[in-house]
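The letters A, B, C and D name the chains in turn, as written, and every chain counts its residues from 1.
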Amino acid sequence: MARVVILGQGYVGSIFAIGVERIKRGDLGYYGIPLANELPIKVEDIEIVGSYDVDKSKIGRPLYEVVKRYWEDEIPESLKNVVVRKGIHLGSLRNLPIEAEGLEDRMTLKEAVEKIVEEWKELKPDVIVNVCTTEAFKPFNSKEELIKAIENDNRERLTATQVYAYAASLYAKEVGGAAFVNAIPTLIANDNAFLELAKESNLVIFGDDGATGATPLTADVLAHLAQRNRYVKDIAQFNIGGNTDFLALTDKDRNKSKEYTKSSVVKDILGYDAPHYIKPTGFLEPLGDKKFIAMHIEYVSFNGAIDELVITGRINDSPALAGLLVDLVRLGKIAVERKEWGTVYEVNAFYMKNPGPAEKGNIPRIIAYEKMRQWAGLKPRWL
Amino acid sequence: MARVVILGQGYVGSIFAIGVERIKRGDLGYYGIPLANELPIKVEDIEIVGSYDVDKSKIGRPLYEVVKRYWEDEIPESLKNVVVRKGIHLGSLRNLPIEAEGLEDRMTLKEAVEKIVEEWKELKPDVIVNVCTTEAFKPFNSKEELIKAIENDNRERLTATQVYAYAASLYAKEVGGAAFVNAIPTLIANDNAFLELAKESNLVIFGDDGATGATPLTADVLAHLAQRNRYVKDIAQFNIGGNTDFLALTDKDRNKSKEYTKSSVVKDILGYDAPHYIKPTGFLEPLGDKKFIAMHIEYVSFNGAIDELVITGRINDSPALAGLLVDLVRLGKIAVERKEWGTVYEVNAFYMKNPGPAEKGNIPRIIAYEKMRQWAGLKPRWL
Amino acid sequence: MARVVILGQGYVGSIFAIGVERIKRGDLGYYGIPLANELPIKVEDIEIVGSYDVDKSKIGRPLYEVVKRYWEDEIPESLKNVVVRKGIHLGSLRNLPIEAEGLEDRMTLKEAVEKIVEEWKELKPDVIVNVCTTEAFKPFNSKEELIKAIENDNRERLTATQVYAYAASLYAKEVGGAAFVNAIPTLIANDNAFLELAKESNLVIFGDDGATGATPLTADVLAHLAQRNRYVKDIAQFNIGGNTDFLALTDKDRNKSKEYTKSSVVKDILGYDAPHYIKPTGFLEPLGDKKFIAMHIEYVSFNGAIDELVITGRINDSPALAGLLVDLVRLGKIAVERKEWGTVYEVNAFYMKNPGPAEKGNIPRIIAYEKMRQWAGLKPRWL
Amino acid sequence: MARVVILGQGYVGSIFAIGVERIKRGDLGYYGIPLANELPIKVEDIEIVGSYDVDKSKIGRPLYEVVKRYWEDEIPESLKNVVVRKGIHLGSLRNLPIEAEGLEDRMTLKEAVEKIVEEWKELKPDVIVNVCTTEAFKPFNSKEELIKAIENDNRERLTATQVYAYAASLYAKEVGGAAFVNAIPTLIANDNAFLELAKESNLVIFGDDGATGATPLTADVLAHLAQRNRYVKDIAQFNIGGNTDFLALTDKDRNKSKEYTKSSVVKDILGYDAPHYIKPTGFLEPLGDKKFIAMHIEYVSFNGAIDELVITGRINDSPALAGLLVDLVRLGKIAVERKEWGTVYEVNAFYMKNPGPAEKGNIPRIIAYEKMRQWAGLKPRWL
């Protein structure tokens, strides 16, 4: 059994919940889940025990009703048992056309953290999954500064994700072990403040920013060119979508944090910083959750020849990430069982755009995949 | 020093010769050569000592003049020293608008083979590189049958490549070791007849069909999907170009041999035979050596979501292969030094579309690259 | 009222029937119908009175059941009233995995024609729409030869479409006027034998080959370049789909007739025959009715600069044609009312890939659209 | 003879100068010039008599030297006779990595205008072509306000283009007639202040924003869809390039003026404002003058079917515009001869992204082309 709490009951969290329940009912296969059902913990062992959001229209409603907004077909009845709770806001929906409220509206951050930890002690999650909306944030790097910000109720300095991760460390300490999966760009597995805290608190952190969309594909295409010693002249990559995450990214500050994640891949894989333009480009509502991506790469081949590649695609954003979460939840539980407190680069390198810890970079996903399998106790596929 | 004989002085062979000489002069870097200058044998150590063709307008001419047809800029003077010799034809230019003649026009195949072996004993190549035009062929699999076909002067049964590879085995036996690099689709490293012969004759064979163009990229994109357990619904891949090789492929029989090579990658990588349409599509003269490729892939992601990728590109055909040859020649020499008679899967798996021996299949190129580096005595890049 | 008989109850004919009935019920707007509801004859005035096929599993079944194969949602009850009748086969489903039978299996062609004319005299269609599978055919050009072939029961010489068009002329003569819409590549509006017959028999012919898919888009893109006096160096266009029509086109002879239609557009629009590769490329079953197209165009701009365009797309094949038929049926009735016997270039030039009569060619569709509107008595949109 | 003064001796102005001179020498055909040599005024009749810029490194240098920066091959000697003069700056190169100076650094704007008019009276241009860098601007709409701004030396309110256009009207009044071609987004032909002035001053204005790149192609593709009554769900269009104009557009205010121009096309052609994201996206230096464009369109076809088109391309930016200028210069002279003071919609509708006057919108370019031909006294091509 792997007990899960979801932070941010939006598109990704909802598709995750629906997909897992459909698999349990036997309505759906394992496509889109990298490790399918190869792990000792089965997909069918996942149980969603709690859910948090700050959208007023979701708080207090059963999951069954909330996920309906994201799925037209029949919803599994089993989602009637979980009710969405009020979480930490801290402006994470600022500038979005959503009425929001947070626990911290009526208490200090410290009190809010305590309240959440109490709730978790009842819900008993093994793994806490963060799929909040992309935030504008500043990393801490110093554990002391982080704790001070909480103590001083410094709402300008903290984001919801940072507060949740802090709460997770308190919870893990109390119950003897837990995992926190950070699937959004806020640096947690790349922030030494949190890693230090995690090691002291029996917390496993996976992060940061789930590796879906164009970026992991770009990584593999660049690795393909690097291996042939082709010199990449330039890369342009565009992304446009119609879900809340793209709407949130029209906010300049949030966009910036995303850009950082996406760009680092170029230098990590090629070994030099080829001129590139890689950022989420725009919001176009009718595209919905199925984003449009376009990528252009120009490179030098033997004898000075210049080649060009163009990749375009329509990609369902939320299912891609939700499929990864099905693995991450189970791997999180495994890491807790193994007491690998802190973070696990082998897992992050495959599943995350910005794999922690900070001193490690991106490697080609195909290599990362094999290393992750080995970490998980599975046979490599081709190695 | 790595002494090379080129079989088929067309686009690829000419760009290879020009590029190597430009590098020697310091006019060109190592882009497009996968191993750059990391091997103990340097690019500058390559020496072209002989060249064969069956195009009447090339035979007897200095390389310097022949390569001019494929390169507008200045040609290195060093190419004045090699004269193109008459090779084996056996219809390899059949149906193409080229006047051709072969050694076998005036003697039996057996005599032609003997003549070639004599010439090679003078030229003293370490490595013989086959870049003839794509042929319609039938594999042998039995060494006896192959020898019988030569003995009986069975011109219908044999192709130029098969005769050349046979000659290479005789030559290797006499001189104590040599390598034969088969960069075209005719099965040599995948034909047990030739592998058996090679092992007995101190011959190293690399093959078959140099891994350039859309196929290795397809392999890596499919591996990318396979690792995420995405179910590939269908793949369509088109290729159109304007060089002699595309013209040759308008011939139905030649096209078929190409199709075989390109399609096997799907099952090898995915583990199931996703419906696919992968074949060289057409000839369009003004495209020249820079082919246009287009690929469409449709796959199932988590929760049944269906995504689509489209990849298009303009890719210089000949430089891509010529760059690989710069490595293969040096790796061939290394294999001879190590006496690894027969074939070397670690090399083929990265450099060849249809890596021999026959019982082995395709693996993701990114994995193959690391294994090949290890075989070559280099540190893996990411593993 | 416009009474319609459908020849070939496949994908296109079925989507046409479903769409028209859904519009009558108010379930669907006019998207995809070029003239929407601007004509005096309304979409709601269309009545399907008969249907013919040679697929054994369709003959004798109500339309309501047959169209189910092509549409997952609810089917309008109104389609229960029409039963699919046995038509002319003449090998039109040859080599396809369909069990077929034709009227001519048990009688001469002449008798079959008579039987059909009798049936039509009962059904009283104003317009007969031909959407059979693409055929391998030879045009007649001489009316006498056509009549002789029917009289002599020359089954090798004739295709189903040719026999149907002949029957239409007999029927039109008897009832005083009718229209025949040929939406497939077989030359009818481009065959003088049929035009001569039509003029004598009070028949209006529209044809040939409904202008859907990549070809009309290519025409407009080429016109765009021609107007800027850009010199087109080369054009490659690929098409791959999974419906019966693509399966039929894997047959080499059928493919050839399609290729003719598609290629003529280049010279017609540009004024010179730019090197091109334009043909239906392949069959890939999972693509279904939604084909994948890819097009590459290279052209010379001012001062010798070379530009490139790539167009790719996923396009639903059958609805595109079905939408045109909604207009063609109504325009056919209008032409009959105006007694414009023979053919009407103004209509063909917009709606057909190969607009008859033969001596006329393609013009940019945007121009053709305005001329067609004027012919139909509507105000031009931009002119 | 058509005497031309160029304002802004950058990429476009330089390719224009080189191309025209190469044509005079017989080195180049008429590709990329929409009307080729059909007009009574021949391409060979164009004479460049003056050039203005504010880049310190260009002022005072012969055209021959300046154009070298944009062209690697041999430069026609005839360009040695024109020297680049100092023009109006007003911050038009602000934030760009270029050292700039303007006439107004040492005198009032009014004096600068007088100086320029005096110089033009010597140079005697028939046509003044404005190809300055894209500016952030505010239209005037009132002639009085415009004149007041000049009189009051209001440097914040005016841009270089506005001052040049004002100078052109004074010059035209004095010499009895002249033309001003505004090829950049600043509204001139769409600003009633300038049109009123032009009518009083014997000035012809063509504008605004030369119709090159993705926008006119988008217009024709949208017209293609509109004519088939397909409902456009959404359009995304990206543009990235490496020339100074793209660098200038990284400036938010300049970008905004561009966006306005590009977006209006959607509503003008479709008749409704389909959701769209159309803007210049980014700067990527190695792309140089050959920009990369990507466009995604999703639309509804018959029976509710949803289709998708993706268009990508590499397009040389400056030659495309330079080719249009070759026509515009000659059409400007023709308009002067016909005394069509003010502006000419028939010309603007084909050649401009934002055709003046303001109350007129975009029409499909293919239609606009035919109307422009008719205005120019040429036979329509297809109408």
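Note that a contact is a pair of C-beta atoms (placed from the backbone, for glycine too) under 8 Å apart; a residue touches a chain by one contact, two chains touch by 3 or more.
Predicted, not measured: the structure shown is a model, and the values here were computed from it.
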item: Remotest chain, chain C as reference, centres from CA atoms; value: A
item: Euclidean distance of C-alpha centroids - chain A vs chain D, Å; value: 47
item: Whole-Å gap separating chain A and chain C, where each centre is the average of the chain's CA atoms; value: 51
item: Set of chain A residues in contact with two or more other chains; value: 308, 310, 312, 314
item: Overall pattern in which the protein chains touch one another (line/ring/star/complete/other); value: ring
item: Touching residues on chain A, where the partner in the complex is chain B; value: 15, 18-19, 22, 28-36, 216-217, 220-221, 223-224, 226-231, 290, 300-316, 319-320, 322-324, 326, 350, 363-367, 369-370, 381-383
item: Chain B partner contacts - residues on chain C that touch it in the complex; value: 233-234, 236, 238, 240, 275-277, 281-287, 292, 294, 296, 298, 308, 310, 312, 314
